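Here it is: the structure, laid out below.
In order of appearance the chains are A, B, C and D, and numbering begins at 1 in each one.
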C-alpha cells in the first residue's frame, strides 16, 4: 500500500538508511527501452551528497545495480529491480528515545509500534529518494523518445528569489544547462546570495529551505482525467511523497487566488494551426487534463530538520522534557539536492500518464 | 481509473451536468453506520447554489436518493449508491466549438475525441462535487463517532485575508459555528469586505478566487504511511480532484521555505502525559504520518473561469480566433461554496485512513 | 474493494434484491462506442427469469436505464452508470434467524454483523448478475469491433453431457445460433434429457447443477501477463465472482493431469504464415498470455441452494437446530440462465485485457 | 500491474532464470513479526530442485537474503525485500527461434516484442515460485499466531489417486506430518505407485501431471467479500499465477455439478455453541465469504512441458516447421515440488484477507 505507486508504470521502493540495501522494483516499463547506465549514473550523482560545500561530506556511493528486467542493455518488459548498497553507514550510538523535532521519529514509533529500524532515520531517510532518481532516469529516457523534457530549478532559498520559468515560450536551451549546475538558477546574480544564505545557516548550526519550480515541455494535450486521476492529483501525490515537501502549486498557484477571472483566464489562440493559450496561469492543465502548454508547478521544501544547535524535545522512555543536540553530518540545505528528485518523480508520473493515455487514445491513433 | 478513489473506503462518482442524474457509489463503509438524512441534506445545502446573493440564482435541488446499501437507516456494509437527479437543466444552444478560456472544453475535446457531453460543462461541471459532499457527510458521521471533526473557513478572497486557525490549541467551539455562516471567517470584520469584493466582481462581469484553510481535530497519531501513501499525498490527490483547486500546502506551507530550521522545527513536549508539539509548522504530519496534533492545510481556489465579459478564444471548427461572451448564471466567486466541499473530501480521506489504519494497528489494540 | 473490478475498464456494482435499484458504474470505456439498447436488452432477457418453464415465473423486468456517460447514443468516455429498478419485490415475512443451507445467510451475518439487507438474499442475490450482463453487452460490442466473439453453452446438467466446443477450428456459425436457444447445447439429442432432469428436480422439490463451457475467438496473441495478472488469474477472479461457480478450468483442465507431457503439449505449426497450435490443451493460454488460439474454459455451477424440501439448519436467535422449508419461486436449475452471465463476465475481462494491452503494444503498432 | 499482488499485504516479484537474482518486495506486513530464517529455509528447501530422484539434479541454492524491512529479527512494518541469487546458471546455446511447445516462448515473443530474456525461460521460469515460497513462509508464521494452518498433499499423479482431506473434521496431526515427505499423500500405498509413474515417464523421456489438494484450518467465519473480492476469486487469481496450474475447484468442485441440491447443500448445525456445517461441499465458503469450516480446494497441474523426446514445432526465424529436442535437466513431474508453492500462495492470500478483515471487523472487536 504504502510503497507502490502508479497505474501502468508501477514502482515499489524499499530499504532503510542502514539496512543492507535500498532499491526499487519498476513494473510496466515498455520492453526494448535502452538503458544508458552512464546517463543514469549522472542523474544519481546530481542527488548524491558530498558533491560540493553545500552538502554533507558523506560519500554514499549511490551506484544502482540492476538485478532483473534488463537484457542486452534494454528493458525486457518484465519487472526491473535495482539495488543500491548501503556501504557508508557509520556505526554509532543511537538514542531513539529522544524524538528529533520535525523528524519522523515520533510518528514512526506510533505507526510501527517500536519495531521500525531507527538507525539513520530508517525507511524515512532522504536516502530513499535515490531509487526514485534511478527510476526517474529511466522514465526520462522514455520521455525523451517522445520529445518530452523535464526541467527544474531553485526558485528560492530562504528569501532569495530566482526568476521564474517562462511557461508560455520556454527557453529550453538555457534550461538544459541548469542540470550541470550546483545551484541551478535562472538569475545568475542570485546564486552567490543563495550560497551565502546556506553558508550562514551552516555557521549558525541552522538550516534553510526553499522552493523548486519545475517545467515539462513537449507534452501532448489530452493526458490525464478529471477528478481523482487529474494530472494535478497524480503529480501532487507523488511530489508530497518526497520528504520535506510541504506545498505544491500549479501554474500561478496560490497567487491566482488574488487575480480576477479576467486576469487569470488563459485565452486560447492558434499558433501554426495548433491551439495554444496566450498566458499559462493554469500551468498547462485544465479540468485535470494537459492542454498542450508546458506543465508548470512549484514545490515548497522545508528547512532541513537536522540542525546541531540545542533543541527542546522529550525522552519517551523517561517521560521527561529534555534538550538534545543532533550530531553528525547534515546538509544545511537540501533544496539543491532535491531539484533532481523533483525532476525524477515528475518524469515517473509523466511516463505513467503517457502509458495510460494509450488506453484512451483516439482509435485511429491508438 | 479516473473515477474511483480510496483504498478501503472506495468512491466511484458519475454523471454529467445535463445527464439524467449524477451520483456516487461508496464501497467499504462500515456496516451499521447510522445515516441521518437530515444532517446529510444540511451539508448538501451548504454546497447548493442559490443560497445567497453571492451565488448563482439557480436552484439545483441537490437531494440525494440512496438506492442501495442502506437498511433500517443504517449502512449495510455493501456498496451504497446515491443518485441526485438533474432537474433544473436549461435547454439552450451550446457552442462547443468555442473554447471557454480556463475551462475544460479544449482538454475534454482532446481527451474524449469529441464524444464528451459538453452541455453545461458535462462531467467537468462543479456539480460533480455534490456527490462528494454527500459522501463526505457519511464520512463525517463516521469520524464524529471517534471524536474527529473537520473544519474549514475562507482564509482569503482576493486580497482580503482572514485570520488563521489555531493549529496548536484550536478553539473548536468557535470553529463549529462557522458551518452555519454564509462567509465563514474568523475575523468578523473581514466578511463585509469579502462580500464587497465579490459584489464588485459581479458588477464588473468578472470573478474572484481565494484560499480555504482546513483543520482536523481529534486524529490519533500514527495514521498514514511514508512516501506514496503519505497523508499529504492522499489528501493532496483528493484536494486537487476538486475543480478550481490550484495549490495545496500543509502547515506553514510555502512560507516555511523562508524560515530557518530553528524556527520551523516543532519542538516536542508533554501535555498530560501525551506527546505534543509546541508549534505546528508541519500541519500535524511528520514523515507522511499524523503526529496527533491538529491536521492543518490550505488550498488555493482560482477565480471562476465563467465570466460574462468578452474574452478572446478560438473556434475549433472554423479555425478562427474570435471573441466570445459566456452567458448564463454564474457565481462571481465559488470559494464560499467550496468550503464544504473541501471539508467533505477531507473527511473522506480521513475515514479511509482510519479504516486502513486498522490493518497496521498495534495487535493488542487491534 | 469488494465491488470494484478491472484495471482499465473498471466496474462498480451495487444493489440488493429488495433495495430500490441495482446497477453498475463502468469507467474506462472508450469514448465513442455506440450503444445499441435493443442489443443490450436482448442480452438482459437471456438472463432474466421467467423466460421458460425451467425458470422461475417471476418477471423481473430487467430494464437498464443509463443515467450518465452516454451522449447521442455513444459512450462519452466518462463513467457510465446504469440503474435497474427493483420493481417486483414481494413483501413477505423473512426469517433471517433461520440460516438457509449453502446460502450466504450465515456468512453475511458474520461479515456485516447483522446489518446486511437480508430480504431476498440482499446483495448476495443472483439478481446482481443483471448489471454484469449489462456491462458485458457493452463489452461485447467493443470486442465485436475487433472481430472478437464470446460463446458459451451448457456442457452438462447433472450427468447429461453435451459435446465440447472445437477449440482448434471452432465452428462459429453454429456457435452463434446457440445464443437464441433455451438450452444451448451442441448435441441436439441431449437437450430433451437435460430438460427432463430439470423437470424431475422441480417435481422432487430439488435442484440440479451443471457445467458451462466458454470460447473466445479472434483474440490476438500476446494479451495478459505472467503471474498475478495472467489471463487465467484475471478470468478466474471474475468467474468466481459469479454466484454458484465452484470450479474453473482452462483447456483440458483437470483432465490434463492424467495426460503425459507428450500428449498434453500443444505442438506449434504454421497456418497461412501465422503460428498456430495443432491441439489446444492449454485453452489458448501459455505462461498466462494468449497465444492466438481460441480461449477455452469451463466453469462448474452448483445446484441451486434454494430447494423447497425440508432441510435441517439452525436458528441463530434461539440456538436450536431446526427444520426449515424454503418457500417461494425458485429455479430448479440456473445453469441455462448463467450461460449469458459467463459470456458477459468473459467479455468484460477480455475488453479490459485489450485496453490494457495498448500500454504494452509494440510501439509501431502502439 | 503484472507483478504486484494483494490489497493490504502487497507482493512485487521480479527476476529471470538467468538474471543476477530473483526476489520479492513484501509491503504491508505487520510490524514486529518474528522471522525465523531456519523455518523459512526449510520451506525453501521443500521447493528446491534436486532434493530427490524425482527432481532435476540441479542444486539451485535458494537462499533468500533479506536486504530491508527486518530489524532485530523482526519485521519493521516497512517493505521487506528478499533477494535470491541466481548462482547455478549454465551458460549454453539458446535457440529462442525454436518455440518449445506449451511453454511461454511464443507468447513472450508476442508480449515483449523479442526483448524478453529467453535464457532458461526467463521471467516465466518456475524459479520465480521461490520468492513466493519465501513470502508464504512469512505469511504462514503470521497465520500460525492466529491458530491458522495451511496443508496440501498430492491428490493424484497421472491416474494414481490419493484419498482426500477430511474437510469437516480434519486430522491435523496427520496432515502436519505430510510436510516432511517427498511424496506427501494420505494413502501410503499410493506413494510407490506415483513414484513408479514418475520414473516411467522419465525413462520414456516424457512427463506427468497431477492434482494438489489444499486445506486451511482455523479460519474465522466472515473473511472475504461477495463478488469480485470473493475468497474464491482472490485465491483463484493467486493459484492461477503459479505456472502449470490449469484448474481450480473449491469443495466438491466440478463434481458438485452432478449432485442434487439436496445432496450438495451443507446443512447447518451447532457444535459447542458454534455454527458448523455437517458436510463441506462448498469448501468452507458461502457467498464468497468464509463460513468457519475448513477451506478446501484442489488445483490441476499439467505435465511438465519440457520433455526430451522429439517434438514438432516451428522456427520463427526461418518460418519452417521443424522437429526439436529439449535437452537439459528437467523434472519429469513437478507436482511434488508444487505442493509447498500452493501452500505458500494460499498462506499469502489468507494473510492478506485477515489483514483486510480488520477494516470490516465488528467495532467492539475492531
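Following the convention adopted for this analysis, a contact is a pair of C-beta atoms (placed from the backbone, for glycine too) under 8 Å apart; a residue touches a chain by one contact, two chains touch by 3 or more.
All values derive from a computational prediction rather than experimental measurement.
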Just to confirm, which listed pair, B-D, B-C or C-D, duplicates the contacts seen in A-B for more than half of them? C-D
Count the C-beta contact pairs for A-D and for A-C, then tell me which is higher. A-D
Distance from the mean Cα position of chain C to that of chain A, given in whole angstrom: 45
Computed distance of Cα centres, chain D from chain C, in Å: 26
Quick one: report the Å distance separating chain A from chain D, using the average Cα coordinate of each chain. 39
What residues in chain A touch two or more of the other chains? 1-4, 8, 13, 28, 31-32, 77-78, 111-113, 123, 226, 356, 360
Considering only the defined contacts, which chain B positions touch chain D in the complex? 8, 28, 30-32, 77-78, 226, 355-356, 358-361, 363, 365-366
What residues of chain A sit close enough to touch chain B in their complex? 1-5, 7, 11, 13, 99, 101-104, 106-108, 110-113, 123-124, 128, 156, 158-159, 201, 204, 206-211, 220-222, 224-230, 232-234, 236-241, 243, 245-254, 256-270, 273, 275, 277-278, 281-283, 285-292, 298, 300-307, 309, 311-314, 316, 319, 321, 356, 360, 362
Contact set on chain B toward chain C in their complex: 1-4, 8, 10, 12-16, 19-23, 25, 27-28, 31-32, 65-71, 74-81, 83, 111-117, 122-123
